[in-house]
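Letters A, B, C, D and E mark the chains in the order given here, with residues in each chain numbered from 1 onward.
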Amino acid sequence: MNHLIYMYGTDWGMGRFPICSVWILLFSPLVAAALITLVTGKNKALSAALSIGAILLSFTLSLRLFWLFAFKGIQHQPHPFPWLVIGNSVRIEFGMTTDALALLMLLVVTGVGSAIHFYSLGYMKGDPGFSRFFACMSLFTFSMLGIVISSNFIQIFIFWELVGVSSYLLIGFWFEKPSAAEAGKKAFLTTRIGDVGMMLGILLLWSHAHTFEFAELKARLPSLDLSIGTLALIGVLIFTGAMGKSAQVPLHVWLPDAMEGPTPVSALIHAATMVAAGVYMLCRVSWLILPSETALWLIAWIGGITALMAASIAIAQNDIKRILAYSTLSQLGYMVMAVGLGGPTQAMFHLTTHAFFKALLFLGAGSVIIALHHEQDIWKMGGLWKKTPITFWTFVIGTLALAGVPPLSGFYSKDEILLLAFERNQPLFLIAVATAFLTAYYMGREVFVVFCGKPRDQHAYDHAHESPLVMTAPLIFLALFSIITGWYSKVPDFLGPPHEAERHSLLLTGGLIAVPVFGFIVALRLYWKPDPSDAPVKAALGKLWTLVENKYYFDELYHWIIKYVQGTIATTCDVFDRWILQRLGIGGLSVGTGLLGRTVRLLQTGSISGYAFFFGLGATVIIYYVVVR
Amino acid sequence: MMSLYAIQLECLIATWGIVLLLVDAFTPIPNKRLVGYMAAGFVAVALLYSFAIQPVAEPFFHGMFRLDPFALYFKRLFLLALAVVLLMAAEFSPRIESGVAEFYALLMFCAVGMLMTASVNDFILLFVSLELVTITLYVLASYLRRQLPSLEAGTKYLILGALASGFTVYGIAYIFGTTGTTNFDRLADLLRSQAGTPAPAFVFGMLLVLTGLGFKISSVPLQVWTPDVYQGAPTPVTAFLVVGSKAAGFALLLRVLYAGLLPVSMVWNTLIAVLAGATLLYGNLGAIPQRNIKRLLGYSSIGHAGYMLMGVSAVNALGAGAVLFYLGQYAFTNLCAFLAIIAVTAATRSDEIPSFSGLGKRSPILGLALFLSMMSLAGVPPLSGFFGKFQLFAAVVQRAQTDSSYYLLALIGAAAVVISLYFYLGVGRAIYLQEAEDASPIVVSKPMRFGLYVCMAAMIGIGIFQRPLVHASIVAAKIFPLH
Amino acid sequence: MNVHDILFYCFSIAMLVCGFLVIFSRNPVASALFLVLLFVFLAGLFVLLEAFFIAAIQVLVYAGAVMVLFLFVIMLLDIKASERRKFRALGVAGGIAVAAAFVWELKIILARPIKPLSVGSQELRGGLEQVVKPLFANYMLPFEVTALLLLVAMIGVVLLSRKELK
Amino acid sequence: MDILLTIAVLLPLIAAFVAFLLPAKNPKAIRALALFATGVSLLITLTLFASFDRTKSGYQFVHSISWLPSYGCSLKFGVDGISMTLLLLVGFVSFCGAFVSSEIHEREKEYYILFLALATGISGTFCTMDLFFFYFFYEMAVIPMYLLIGMWGSLPPGKHGRTKEYATMKLTLYLTAGAVLALIGLLAIYFAGGTLDIERLQHNVVLARTTQTIAFPCLLFGFGFLASMWPFHTWSPLGYAAAPTAASMMHAGVLKKLGAYGIIRLALPLLPEGARHWANLLAVLACFNILYAGWAALTQRDWKFVIGYSSVSHMGYVLLGIATLNVVGVSGAVLLMFAHGVMAALTFSLIGFFYHQTHNRFVPDLSGLARKIPFVGVCMVMAVMASSGLPGFANFASEVLVFLGSWQQGSTLFRVATICAVWGIVVTATYLLWAVRTSFFGPFDEKWSMLKDAVSFRQKFPYALLLAVLLTVGFYPRLLTDIIRQSVATSVVSHLSTSSEATAASAITASNSRATP
Amino acid sequence: MTTAITLNDYLIVSGLLFALGIAGIIIRRNALVIYMALEINLNAANLALVAFSKFNKLVDGQILAFFIIAIAAAEVAVGLAIIVALYRRKQTVSVDELTTMRL
């Protein structure tokens, strides 16, 4: 039990620095957000400074904690703080988990986060909502850190919702753009649907275990002897939460639209951190999922399907950011699949590497977009490598990393997952390989179309320029990390139970290296030309192309459901309310009473004889009932 | 001499009435109104004086007249009503062509009859004093003898009233015949002594008497006359009918039932309960479509008879007290309403509800008074009517503890409350929510103002500090052997 | 079957017949006259009941004063023929129905003989003093009230029936 | 000390009388008076809350004046955890209501008199410990509402096809019907229990089964009318839509809670038999409230109707919490009453803010207001987030408690009910986000260029205050839940501790070795 | 002198008379005749009273009868006065005309 690891002390931690440091780490971004909203809203520079300062503080603190943990083996775990307590039955605490998993994630979030904060300085320059942007970013950072260090289900759910809302705010940042406002709403609601499942899973688990604490549950799960069915149900329900946040099929539809937000947001939230939160959560509660075969099977397949489907969609997209969005989807698919195959470690590894190179790619895309004054259609670009060399090279690095070309980080993490699949589930392995191939292919397509060939929009090309240092510096920083993260191959072991993969044949490894290369070659053949176009591929794929181009018609399907199913129910209720209940029921009642009044009135003929008759009748009737009967 | 002490109030009022007749001869027409104010003032003094009179345990006039707390409670009630009605009459006098002072005098004689009914302890005296009240009201109802409504009201009241007294007296005959007495106490003793269910002939007589009294309190089945007569009669007379005559009817009903017929309550309480329900529904339903405020109040007075019958049918101390309390507050409420109505109709010459629209702006005081009285009739706190209804419902529910069929009566009462709120708010809507077509302010004379303030203060005061009146009513109800 | 009984039946039947005619004769004057007869026969029944005082009053007040009043008013108003319209079937039916129901109930009620809970000691030999003494002793109060009532009636009649004063 | 509570309750009424005496020519003075009265009673309430003994479970600050000895009735005020919470609610809402009433410009005198009377009526009901006065204050709140809506309200034409007169009349009749129905039940309790003192009734009276079976439905449906329980809810959206801002705030915020409060305070503890017998039906009705009203809200186009239906659906959560009959659920219900009260008041005040300028609150007609009135926009977004159960706001904590309680209840029916309830959150978010997105986001419509945002402190204050309350309780719900739980456990659930509750409790005591740190 | 006529016979007669009165009031439209019918009612009551007082050997019945007669006279006077006034105003004594206030 984790009593043991409450190192110091008694109270929840205003005592010594290392402990309250966790709290500072968590709350400094929130404080920044609050200050910006309430006080420094007018002063843009100060607001940005606050926000960046906050995240830097968190970054340094998490570095320190990591260092202490990794090299001194000290873990700081403050006492939980009882947040909501109802007698014995409900005890919701506000605790801190600072185990390896959390620390790694902390590093990722704060590290990538800091980079992106800096980048935003340049990207959001001159935007009227500059301060608001940084406030929201800080709010997001806070919520994300909250997820990472949560020690129980309700707590994680709380921050779960909070990241949801901050992503809502950031996607809809340019709220006057209807598409942006819509996208925000869509993201919020879609993830909400997943949360419903998660909440129910939590309730179900709680009704058996009567606690929300991870540590406690982990310890007591075996003793609860839950039935297979229950276990599976709990696992699946919890997983739906992850499905929403990590945009797994069928709840993936919100992520591409989320690209309506500013590019740093896409980079931070919808590539590096928040979307990975689902995966993180799954790893965090892997002890809950691993026992149930059914749950694992479902998770693995959903992951695989997502990966392949998203990758296939990506080949037909024309928006520089949407392509990346779909690649994010498919990478998330990889991670989820890894969890489903029983390898949370591998999932976390890939999550880490992915965070860096995907953030890098997005920022690169952002830099391109800025360079072309908010042009996002790849077919209006071309030949930019001369104009924006830094962006170009960093982007290439990111691409290679993503495609999994050694020796870049992506290779190692993806390799782990593929090997895992190879052992555990052959069909999924094939899917994964196919995905890997597609990844290389569409990334290649993007690079060649955007940077190579000759410019297709001369005017835009002439005005294009390399981004300022404040934007390129983060690019370089991230590029560096997307190269090296993989080398530190201790990351998996560091994450605890090292997965004993027997050394595979060189053949397999070689094959795995060959796949992306092959993908690049195909892309090269098709798009490495002065004026590339999709026409040949279109011709080759035929109907399939339209299918992927329209993203397998998911949006249309959901639109139909919302319009017809929910719409019908709602209208039914409304009509019932207004016509049956109000008009017919209440209206009928009142009208009926009124009519009764009028009928009663009919006795009031005004004729004396009539009245006299009524008197006599009444008297006789009364006498009859009381006496005669 | 002792017996004179008993009837001093009656004598006082009667003599003052006769004096008024004489005074009339020497007062020029313009001062008639002044005479009215004087009369009202005098009665008010008498009212105050009445608090100096101590109740006496044993009956007077060979057991046919009582001066117990019950009697005093009602006498004070009647004096109050008389005083305010005289005030109204004074305001109303310009619309009386001839015989203003006689009008006052008749009101006083009528009041004498009512004062009698409060103390009645014998069927013969009951009949006589009832007739005094009724016959005077025939004259008063048809007083505006050049206006058809008044005459029509008079005629209806006359014929139906005579019919009702025919029933009453015929019933008295049978009660006398089957028991051999006309005295309430004696009657009660005899009934208590006799075992088993009473003879059908006796019950027959009893029922006829009850129906006859039902006419005065306008309960089903003798309620139909009420709206017509209320609408047609001169407004002060209507007020007197609502407040005085109804109270007199209840005074008699309570005496007869609780003092005389209590031993046979099992025979009549179900009947009363049923009649209560029917009366409630009739009055409140019938009031919904009404457009004339006097007619509306006619129906509403049927409804209130129903509420009070609820209390009567409960046959417990709580119920008796509740009825007394209700009558007390009902007097204030209605007097307030009619004062306002007289003042308004004096200006608008119409007692249709639409002519009250925008009253809240035209004359805040009148609007407030009328609105408050309507709300009090509807039984809304913090007004007196609320507590009245509360007690009545309490009485019924208490009874329901032993006989759960009374819950049904309570539910009917509840429905009636909701319905009544609807049409009372109809008046309220006219007063505050609707705009007047001519917004010319309405002037209110000083005495009128005074009366209005008194009644409003009473309504609110009783509604919040119920204690004194509750205490009085409980003391008055104690004379009956109820528990 | 002695004289008393015969007289009873004569008087009762005659009285009821008169009552019937009062109701059903078209001409108010006729009704009035039958009413007089009714009163007289009723007085006869009072006599049979040895209530001589009441009988006397009956003849004096009713047959005398009241009837004169009625006839006087009828003459005063001289109801036109148009007033004497036919009866309404509905009204007749209703009236007879109620009356019949009433009588039927009364028969059922009277089926059980009445034994009063208390009876007086000595026979009433309807002499004046037997009635009048209590009237001024026990029943003084109602008597006074009646007096007031008569006063009211007087005022009322004067007010209601005098010609308009300009 | 104890008299303070009585003062806090009666102060507005006294102020109303004073205002009655003041000349109508000087509305400023009357307005100041109203602000003063509500403000002072808010301050007193806060002091009381601060000095509230959180360890004791019974009534505190009890102060009693013998009123009607013949009935054993006394004007007795006192608060336990439940009523303390709700008293706070009344304090905040009525103060802010008085604040935003500055939009009223005709017949201020009458307006403020009625408003103050309303305030006392409500807080009196929450604080009284006497059945008679419970009913007295309860009824006293009805008629002011009628006039407030009728005289100062406004109901733009819509698919409802009604006028404000109709709306206010309907509302009044509904509330009265409920009140009278409840009265019968209350009287039955009084005669069966032999006392009007609620505390005595709660502690040493066990009512006969027959009384319970008769009285409980009376109370349940009687109060249900006021709590807008399905299908007796139709008065409420219409009423809010027609009411002036402050009235809607008071009504949606607090008046509606009287119903639920009545059930918790009287029906459950005094009639446990009946409660157990009717709980399932209540749960079903609650689900109808939640989902049916939510879906109905999806089709509304008038801001106030949207919020009106949403408040009906939120009352569904409250009723569900009550139906669970266990500490968690009922505590959740009470906390939700507080949270939703503040939230509804906030939303209606915000709607009032822009409606007062636009004279148009049809969601489709408004667009991009957030650019012109950013402050209001931000507040509205926060209010909407609160209402759709976002953590950080009080609503989340309370809704979670309701879910937990209803899941803990255990029976399949309640499991299903919980699922409905959780799904209800999505529905809520759907229509609220739609409304916000349509009228505040999107391209700005030039026809609203005359809009003015809340700039001065005076304008911002009420909204800020309400938001602050929501956030404070949201961040640290134990501020209230601790005292609520105390009272719920001792004075409500102890009377009807059902078996499931008992087993759950035992299981937990077995499991939670570290239940008390 | 002994007689076979019992109390019931008198009561039946008075009952019939009362019934006649009611019937008359319901049937007739002429206010005067209605008024006569009302008188019949009172007389029926008188008959019952006197009969009762005879058979109960109690004088109270006769006393009440006396009061009834006296009051009836007054009532008649007032009633006729009203009818006269009515006739003056409306030139009719038919109660069918008196239905301006109804419903």
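Quick note on the criterion: a contact is a pair of C-beta atoms (placed from the backbone, for glycine too) under 8 Å apart; a residue touches a chain by one contact, two chains touch by 3 or more.
None of the values given here were measured: they were computed from a predicted structure.
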item	value
Shared interface partners, meaning chains that touch subunit B and subunit C	A, E
Higher-contact pair (C-beta pairs counted), C-E versus A-C	C-E
Chain occupying the middle, per Cα centroid	D
Longest centre-to-centre distance from subunit D, chain (CA-based)	C
Intercentroid distance (Cα basis), subunit D paired with subunit A, Å	36
Averaged-CA centre spacing for the pair subunit E and subunit A, given as whole angstrom	96
Chain centre separation (subunit D, subunit E; CA means) in Å	65
CA centroid of subunit A to CA centroid of subunit B, Å	77
Junction residues of subunit B, two or more chains touched	124, 128, 131, 135, 138-139, 142, 145-146, 155-156, 159, 163, 177, 180-181, 200, 204, 227-228, 289
Per-residue multi-chain contacts in subunit D, two or more chains	none
Two or more partner chains touched - positions in subunit E	7, 11, 18, 21-22, 25-29, 34-35, 51-53, 55-56, 58, 60, 63, 67, 71, 74-75, 78, 82-83, 85, 95, 98, 100-103
All pairs of touching chains, each written as two labels joined by a dash	A-B, A-C, A-D, A-E, B-C, B-D, B-E, C-E
Sites on subunit B touched by subunit A in the complex	155-156, 159-160, 163-164, 167, 200, 203-204, 207-208, 211, 215, 220-222, 224-225, 227-228, 267-268, 271, 281-282, 285-289, 419
For the subunit E and subunit A complex, residues of the former touching the latter	22, 25-29, 34, 95-96, 98-103
For the subunit C and subunit E complex, residues of the former touching the latter	1-2, 4-5, 8, 12, 15-16, 19-20, 22-24, 28, 31-32, 35, 38-39, 42, 45-46, 48-51, 53-54, 57-58, 61-62, 65-66, 69-70, 73-74, 76-77, 79, 83-85, 87-88, 91-92, 94-96, 98-100, 102-103, 106-107, 110, 113-114, 116, 118-124, 126, 130-131, 134-135, 139, 142-143, 146, 149-150, 152-154, 156-157, 160-161
Subunit D contact footprint on subunit A (complex, rising order)	3, 79-80, 82-92, 154, 157-159, 161-162, 165, 172, 175-176, 178, 181-182, 184-185, 188-189, 192-193, 196, 199-200, 203-204, 206-207, 209-211, 220, 566, 569-574, 577-578, 581-582, 585-586
Interface residues, subunit C side, partner subunit A - complex	91, 94-95, 98-99, 101-102, 105, 108-109
